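Structure incoming, see below.
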Amino acid sequence: MKLWFTENHSPNVTFSMKVDEHLYTGKSEFQKIDILQTAEFGRILTLDGLVMVTEKDEFIYHDMITHVAMATNPSIKKVLVIGAGDGGTVRELTKYATIEHIDMVEIDKMVVDVCKEYLPQTASKLDDPRVHLHFEDGLKFIRSKNDEYDLIIVDSTDPFGPGEGLFTKEFYGNCYKALNEEGILVNQHESPFYEEDALGMQRAHQRIIGFFPICKVYQVHIPTYPSGHWLFGFASKKFDPIKDLQADDWNNLGLQTKYYNTDVHVGSFALPNYVKEQLEDVE
Amino acid sequence: MKLWFTENHSPNVTFSMKVDEHLYTGKSEFQKIDILQTAEFGRILTLDGLVMVTEKDEFIYHDMITHVAMATNPSIKKVLVIGAGDGGTVRELTKYATIEHIDMVEIDKMVVDVCKEYLPQTASKLDDPRVHLHFEDGLKFIRSKNDEYDLIIVDSTDPFGPGEGLFTKEFYGNCYKALNEEGILVNQHESPFYEEDALGMQRAHQRIIGFFPICKVYQVHIPTYPSGHWLFGFASKKFDPIKDLQADDWNNLGLQTKYYNTDVHVGSFALPNYVKEQLEDVE
Amino acid sequence: MKLWFTENHSPNVTFSMKVDEHLYTGKSEFQKIDILQTAEFGRILTLDGLVMVTEKDEFIYHDMITHVAMATNPSIKKVLVIGAGDGGTVRELTKYATIEHIDMVEIDKMVVDVCKEYLPQTASKLDDPRVHLHFEDGLKFIRSKNDEYDLIIVDSTDPFGPGEGLFTKEFYGNCYKALNEEGILVNQHESPFYEEDALGMQRAHQRIIGFFPICKVYQVHIPTYPSGHWLFGFASKKFDPIKDLQADDWNNLGLQTKYYNTDVHVGSFALPNYVKEQLEDVE
Amino acid sequence: MKLWFTENHSPNVTFSMKVDEHLYTGKSEFQKIDILQTAEFGRILTLDGLVMVTEKDEFIYHDMITHVAMATNPSIKKVLVIGAGDGGTVRELTKYATIEHIDMVEIDKMVVDVCKEYLPQTASKLDDPRVHLHFEDGLKFIRSKNDEYDLIIVDSTDPFGPGEGLFTKEFYGNCYKALNEEGILVNQHESPFYEEDALGMQRAHQRIIGFFPICKVYQVHIPTYPSGHWLFGFASKKFDPIKDLQADDWNNLGLQTKYYNTDVHVGSFALPNYVKEQLEDVE
């Protein structure tokens, strides 16, 4: 049967996946949630019709949103994850025995419930005793936090819809405040290629550099995201992701990863000229 | 008007571009040739319905197929380019005053003629006096060459259809023979992500390592190619693309590039674990 | 969410419907069965990816496959329905108090079960005490029948796949045998517009005229079938659908129909010249 | 190459045709004009992205917009055609030796020029000496006409965009005035199936019955128009299209038609109940 899910990557570009089965559809207080069984990518989660996670390539996103910070500062103990309802980021974090406490703040409980049922591949570690789930607005949650976290990961949806507030100046300011002196912020940073995404990326970068002394951007190949060229922001009060990379320490941990390694860590910060120029335009 | 061009990126994945105008269609002895004016990517060239070049992102491909070798060995004087009928690879090569002679062997003259008319952005330098166009089969052309070139760039179509022979063992053996002792081979290497592309990539790698002592693979973000994650093979008799990189020399040339820089050069060789494993499986 | 079901109406024409939810997917011994909730057509049933029934326009098909014969011979008492797993044809037949016995032979029990659960609009009358369901091959069922039915309705899928045998000469011969002297055969007859459908229609017509003295074809507007221009074959041993139409009798029954009326009955036998020529070509 | 033209038949339904070549694109003062070579339908003309004419099925539309009136009143001598830039309606009219004068009023000269070049199949008779082309607004043209025409054919685009005014009360009133006492108006009447089309049809019907004593609607199978179920309005001061049909006269003319015949003429006025109800709702 020709049943296809289509996502606009730009107003004039679409990306379509053959669907074997529409496993779940629901509407939460915040957004429409769907799980599709696709022929190429396994199960996928969409929110308001946009792909969030696919079983086939989620490892890339979750490796890269997590291990870069962890390999830069192996002493990270307390982590705040904002968004990330599918659980993939938490799954990667729980691989580190040294992490003692993970607060995960997801505004939409229904996303977590649906992922637990349909995406055990990502949601499997949400029951780890170190993980504390908070179903509330990340913006509000963080306001009362001071000097508390070693790492904040902002694993947001796109900067429109429910995730919009996670791209504001106020929010990044509160992230700074909530981090301790060794604090690192990793931010889902959109893409440099299509115009709208690039504007979102520039706005995020511009706002973050207003607070953090060290702000770098690194890139990753995520085939199911628009253009396949995705960025993360690395901001910190103290650590430089290249100079302070503890490659040997990280490699000695013996973690199994399918995308990340310490060479990729370094290489991913080498940005193409056109991306560097987009960043410099707002610095 | 809703007129869209669609390409299958895998049997179960499609990528579609809104078309403003179908500027040219023709059928050569070898393949169907079309030029489309798209809303997002400017003009695109398709061969047998597959995207070869788009005005919007061709700079990425052509930067990376050319400058990595040139920055590794700035003494390159004689180059052979196989395929590359759009002229973009030659355009980049002609930026180097030190290059004295470029043989470009394209089997399909009609591709070159069409690109000269419709894609001046890539085809503009095909009239450079150092460029010698040969409209013949690259496989045959190279058989009679011995110890002649400093650099061979295989800018082929996919390993099926007219470009098929450019992925054979015999062909890579002849490339080795045609190169002098300082010779470098750069090969369009397909992609690691979708199954069929990954098999093509593994076959190419396996065949090349049978001849060359140094064989590396580097990656690049090309949004309009399947998965956006594309690879090139770097093989050489003598030069290592990292250790021998002449970064200062290259930067002193002052060339304008939108993707390539000497940091990206190094970073692009840092491959994700799953790609390293695909390569190791055939080594 | 952009989730669309697409059906090829010809190799070069597609018809697509926005899907709100994929309610059911299953695979029977005979075919793939899916129920989709569409935005325009309500629920639809597809078999092997081809639309069989939509809630929005099924009334057209079921009116016209049933009432034309019933208004021609109001004395019909015993009916055989072949195929028609969705139940819509039986639903229309049960509106006639004068019908005493309906044998419905559907090869695929799973189709009936799925329709009972998901398409009560069509399947609601399958429990009428006059209806006798036989889950077996219509071709075999009919072989042993002689001089038994007043009406046979062949409500088949397309003439390839499980429905293929229902378009053979042997089958139509058995229909003739199974009908009594007043017998009428109504046959789902494909479409005159796209080439493959027209060939199927011509084959069916050619085979039926080999057996029945009276063979007419009538047309109907079914928007969700290829071209929207659909045909039924009316064959009988005695009755002419125009001359013998008992319009007053039928109108006195006071049945509620959304498409059929006795003027449409007559009008539907007035075929365009190009359709008449297709039929004459095989007569 | 997968190049497809897609038209929305409703917001939730699309119809797509494989395109071999985009032969022409242009923008007139009034609308975007495109000619596409399709694999199934031959050349098609689209205005603002909507299909107006295809070589494969235009005969249906042009037969039925013309011959119904001509067979009802064989004495028609002076005809006004509004719209119809492709020339197909005029082509059919010129088959009648008895017609002396045809005024064709098309607002957009570029449509006529493009059709003359790319669609000779329909535009071939625009040079007939009886045909007088007026490139102006049909609404204005008709205001000064009184008691002049035997037949007016309104061959408009849809009731939005440039064709909008051709669906107003003022316009139909002027048509009445421009017709003589034997005058007939034939109006392109949209479709009963999809909601928006049905509303347009009802509005047209309601406005026309305000002026003409005889108002009938007839139907036709046009596969490339939304739902394939299309309607025309027949309004007149004197003639009833059924009672006054001069079947023998028309058949004696010996005209070659692929769709129309005098049986189809009668049959096409037999409307399904749901269409009759739509009309009665506004009568």
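Lettered A, B, C and D in written order, each chain numbered from 1.
In this section, a residue touches a chain if its C-beta (ideal position, glycine included) is under 8 Å from a C-beta of that chain, and two chains touch if they have at least 3 such contacts.
Nothing here was measured: the structure is a model prediction, and the numbers come from that model.
Engineer: Taking the mean of the CA coordinates per chain, how far is chain A from chain D in Å?
Structural biologist: Each chain reduced to its C-alpha mean, chain A and chain D end up 57 Å apart.
Engineer: Please tell me the distance, in whole Å, between the geometric centres of chain A and chain C computed from their C-alpha atoms.
Structural biologist: 54
Engineer: In chain D, which residues are in touch with two or more of the other chains?
Structural biologist: 4
Engineer: Which word fits the touch map of the chains here: line, ring, star, complete or other?
Structural biologist: Here the contact pattern is a ring, one closed loop where every chain has two partners.
Engineer: Which two-chain combinations qualify as touching?
Structural biologist: According to the stated criterion, the contacting chain pairs are A-B, A-C, B-D, C-D.
Engineer: Once bound in the complex, which stretches of chain C touch chain A?
Structural biologist: Touching chain A: residues 1-8, 19-22, 25, 32, 34, 36, 46, 48-49 of chain C.
Engineer: Which chain C residues qualify as touching chain D in the complex?
Structural biologist: 4, 10-18, 38-41, 57, 60, 193-194, 219, 221, 223, 227-229, 257-261, 263-274, 276
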